[in-house]
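Both complexes below contain chain A, partnered by chain B and then by chain C.
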Partner chain A sequence: MSNEGYERVQTAMRLEPTDRIPVVPTLLPEPAAGLAGVLLGDMVKDNTLVVETIFKVFDEYGGWDAIYPGFYIPIQLQVMGNFPMKMSISGQELAPDIPFQLNEQEILQVEDYDRIAEIGYDKFFQEDYLWRITKATPDEVKKHMDQLIAADGLFTRCCANRNISRLFTGNGTHPFFTLSLMRSMVPFTQDVYYNPEPVERALQRMTDDLIAAKLAEMKHWDSNIWLFTEERAGGYFFSPKMFERFWWPYTRQIVEAMWEHGIVTLFHLDTCWDKNLAYFKQLPRGSIALELDGTTDLALAKEILNDHACLKGDVPAALLALGTPEEVASYCKEKIDIVGAGGGYILGTGCSVPPNVKPENFRAMIDTAKNYRPKAVL
Partner chain B sequence: MRLILLAGFLGSGKTTILLPMAGALIEQSSKVVIIENEMGEIGIDGSYLAREGLQVQELFGGCICCTLSVGLVESIDKIEGLYHPEVIVVEATGIARPGDLKKTIFQYNKCIEKIDTVTVVDAQRYEVLRHALAPLFEAQIDAADIVVLNKIDTIDGQAVRDISTDIGLINPDAKLHTVSMDESSGFEALLRDVL
Partner chain C sequence: MGSLQEMIETLERDQAIELITQRLSSGENPVAILNDCREGMTRIGELFQEGDYFLAELLLSAEIFKEAAALLSPHLQKEGATDVCGTIILATMRGDVHDLGKNILATLLRAQSFDVHDLGVNVEPTDLLQKVKEIEPDFVGLSALITTSFESSKQAVDMLEEEGLRGKFKLLVGGGVTTNTFKDHIGADFQTHDASAGVEYCIEYMRKAG
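Take a look at the complex of A and B:
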């Protein structure tokens, strides 16, 4: 994988200065549909349409430095375990213009923790848990996954035609976040507080399994970045004691195991992580990058993790959906000036581009990164 | 326009309080709209409220964490345009920080003149929430104008006093109501303050 945009991203990941700040919006199918004028109810059935729509937006807005490889239809997120929950789908349970909705319920039971520890998460998920949450039959699941594999080929060809790369290749969800979604937040919190041992046994088994699976997966790709998602463990929700016991040790194992093979962990961290930022300094320099969502103080992250971890973010969803292009440009310039100083920064959206992003705001973000040149990065 | 933001962690009893509160509001004011956003099965049944004569707007969030406030702002604007209500009641998702929502609403919804935040606290699960989820829990109490300590029938009198003291330390300016919706205790006093 080599092209100008991806080289720029890689340079930022290595914490070196770039000719300009790279820009990579988290453009998922829902905002791509909004920007391209495609109905979500049509997108949720057809991966080919999803890929075509994403690249239509990419072309219309003049492209950017690397592309977010999120070309799923919602049920595939359920089947692959990204969202191990029941869901309502656009055009099916919901109106065709409403993005898919997650329905968090207490599906995982206390006794399942030890079952996961015993047989492994993947086996538990594929043979048992999946059928508690999905309406699809085994044949339909296979069809959906075959469709995703075909779309992956199309996505690769679309990248090659434009000489661009995927931002990351492998991806995974933190075991803590996965269990919290499967069990739902209140029972899971009660479990870790009152009866932590079974949870810890499951977390360790899932950590071991995840490391093995992701190392194997990354061997197939000419890339060294994988995406690791966590939306709940930070200081927005949990006390430091909980974080230190139930999240940090497993995170450290995973990051260090990947880094031994030169693989960089790109964290997708939603909600505010201000109180947790210092922990990431304990990880090897350059082994991680943090994708932040606009609620973590990005300037504080720069101060704490300067020359240690690449930062990505964080144009807020509210600003992109409700603000003006001038406000977006001003926000981006400020981040480029402060967070981009000295390198190690990728301009991105705070979490996903919102489905109702204003086109002119999206363009303002992309164009500002391409055209703005602060003294600090020259 | 006035907005009542009903906050509180998942399962604290927000919906149980919302139903009679909404009824009382509609008796007082003919134009009340409810915006409902809760995760999973815990959410209110919009059709039930509609049958009770209340206008309900369901709030969707593709990804709750980042797009919730956007959806809320847009819903408020839509409701203002369609119904011109005197009061909007927002039942926020249990994982929301009301302070963040207030900030976004005041920034983008110029029609909102006043926001009263009512945070419902679960007395029964106070210990686990207070310790395990301290940051969110404290933020929800800290942003409140009124704190409702709900389910007091599940704990003894001393525990009610201890928790009340603790809540007072987190937010000394909020008015505290101790309530048991199951035993119909304390709700009338709460209602007088909210109305």
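Take a look at the complex of A and C:
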């Protein structure tokens, strides 16, 4: 992959100064639908419409430096295990203008931890767990996956036509987060406190499986960035003591295994991670990037991880949905000045672009990154 | 064996529940047991505010309190014990079906003697309006994890304004996606990502209101 935008992203990942701050909004199908005036109830059935809508928005807003490869329909996220939960889907359980949402339910049972440890996560998921959460039949699951593969081809062609690249290729969910989603937050937290050993056995097996699967997956791509999502392990949820026992050792194994092959782990970290930032300094310089959602103090992250890890973020969803273009531009300039100084920063959204983003605010974010030149960066 | 307050403070779930059961069996006044539980929960809130406890501990303590309250409830009803220190309506408005944070807040408020009316998720503005008319709460708390409920939250507040009800309660907003921008947008009195801070706000307001 080689093009100006992606090279800018790679330069930031390598912690080197860039000609301007790269910008990569997390434009998923839901906000793309909002910006393009497409009904979500239609988007949830048709991967081709999703890809076309994403690129319609990309073109209308003058493009940006690399594109988020999220061209799913919701049920594919369930089938692939990104979100191993029951779902409420636009136009089905929800009104057609409301984005799909996950239903927090206790599906995984205590005895399943050891089953995962014994047979591995993928086998457990494919042969047993998936059928507890999905309404799809095996034939429908196959059809959804075939559709996704076809959409992947279309997405690749759309990128090639514009000479742009995907921000990342492989992606995965942290084993800790996966278990919390499957078990639901309250029982999982109780397990971690009151019955930790089975949880740890499952976490280690899932870590081993994830490393093997992602290394194999990344071999097929001409890219060295994969996305790794965690939304429930930071200092907002757990004490450092629990974090050090249940999250950090597995994370370290995964990051270091990927980095041995030159693969950078781009963390997607929701909620506040202020109390955990220093841990990431223990990982090899340049082996990680942190995508933060606006609740972690990005300036603090810069202070702690300067010249060690690339940072990405964090225009808040509420600002994009409710603010003015001037407020958005001002927010972006402040981040570029503070976090962009010396390089190692990608302007992004806090979590994803909200489905009800104001078009003028989205444009303000993209245009500010393209046009604003802080002295510190030059 | 430690006191019930200490067991709750240190999240010793099984021991706490066993002790409550023993004390009820021995004929102890359930109000006294409930007060001990509340004392433990107050200490949990303090530890959270001091940064020694995290959301996980709040959540675990809330689960212990729920179990305790379920055990105590029939006995309290027999005693006719009601000591409500304030009334609150909670809702996740139309467009959002998430309720983890709201549920934690509900339990923590109940632990502090608040009468909580939880309307659930995906709540229509008209349903909130109706409930406010019906029970005349001291507080309304709106939870949001995604921005798609912003519009229905604003609609609800506008309806309450039109009916002349908005000035009669304090409006709290909370949840991952809420910010001061959202608070100002709907004219709320308080915004937080922290359920414990929400409880503190309500307690402090009721204390000042006398």
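The rule is short, and it goes like this: the second predicted complex is superposed on the first by the 378 of 378 C-alpha atoms of A that agree within 3 Å, B and C clash if a C-alpha of one lies under 4 Å from a C-alpha of the other, contacts with A are read in each partner's own complex, and residues count from 1 in each chain.
Just so it is clear, a residue touches a chain if its C-beta (ideal position, glycine included) is under 8 Å from a C-beta of that chain, and two chains touch if they have at least 3 such contacts.
These numbers were taken from a predicted model, which means no experiment stands behind them.
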| item | value |
| --- | --- |
| Chain A as common anchor, with chain B and chain C clashing or fitting | clash |
| Touched partner set for A:Q105, first chain B, second chain C, both or neither | first |
| Which superposed partner A:P354 touches (first chain B, second chain C, both, neither) | both |
| Touched partner set for A:Y193, first chain B, second chain C, both or neither | both |
| Partner chain in contact with A:S330 - chain B first, chain C second, else both or neither | neither |
| Residues of chain A that lie at the interface with chain B and also at the interface with chain C | 94, 98-99, 101, 103-104, 185-186, 189-190, 192-194, 235-239, 242, 270-271, 294-295, 316-318, 321-322, 354-356 |
| Residues of chain C that touch chain A when the two form their complex | 11, 13, 53-57, 59-60, 63, 94-100, 122, 146-148, 150-151, 176-179, 181-182, 185, 193 |
| Touching residues (chain side chain A, partner chain B) in the complex | 30, 94, 98-105, 184-186, 189-190, 192-194, 231, 235-239, 241-242, 270-271, 275, 293-295, 316-318, 321-322, 350-352, 354-356 |
| Chain A-touching residues of chain B, taken from the complex the two chains share | 9-11, 39-41, 60-67, 69-70, 73-74, 94-95, 97, 100, 104, 107-108, 125, 128-129, 131-136 |
| List of chain A residues in touch with chain C within their complex | 88, 94, 98-99, 101, 103-104, 185-186, 189-190, 192-194, 235-239, 242, 270-272, 294-295, 316-319, 321-323, 327, 354-356 |
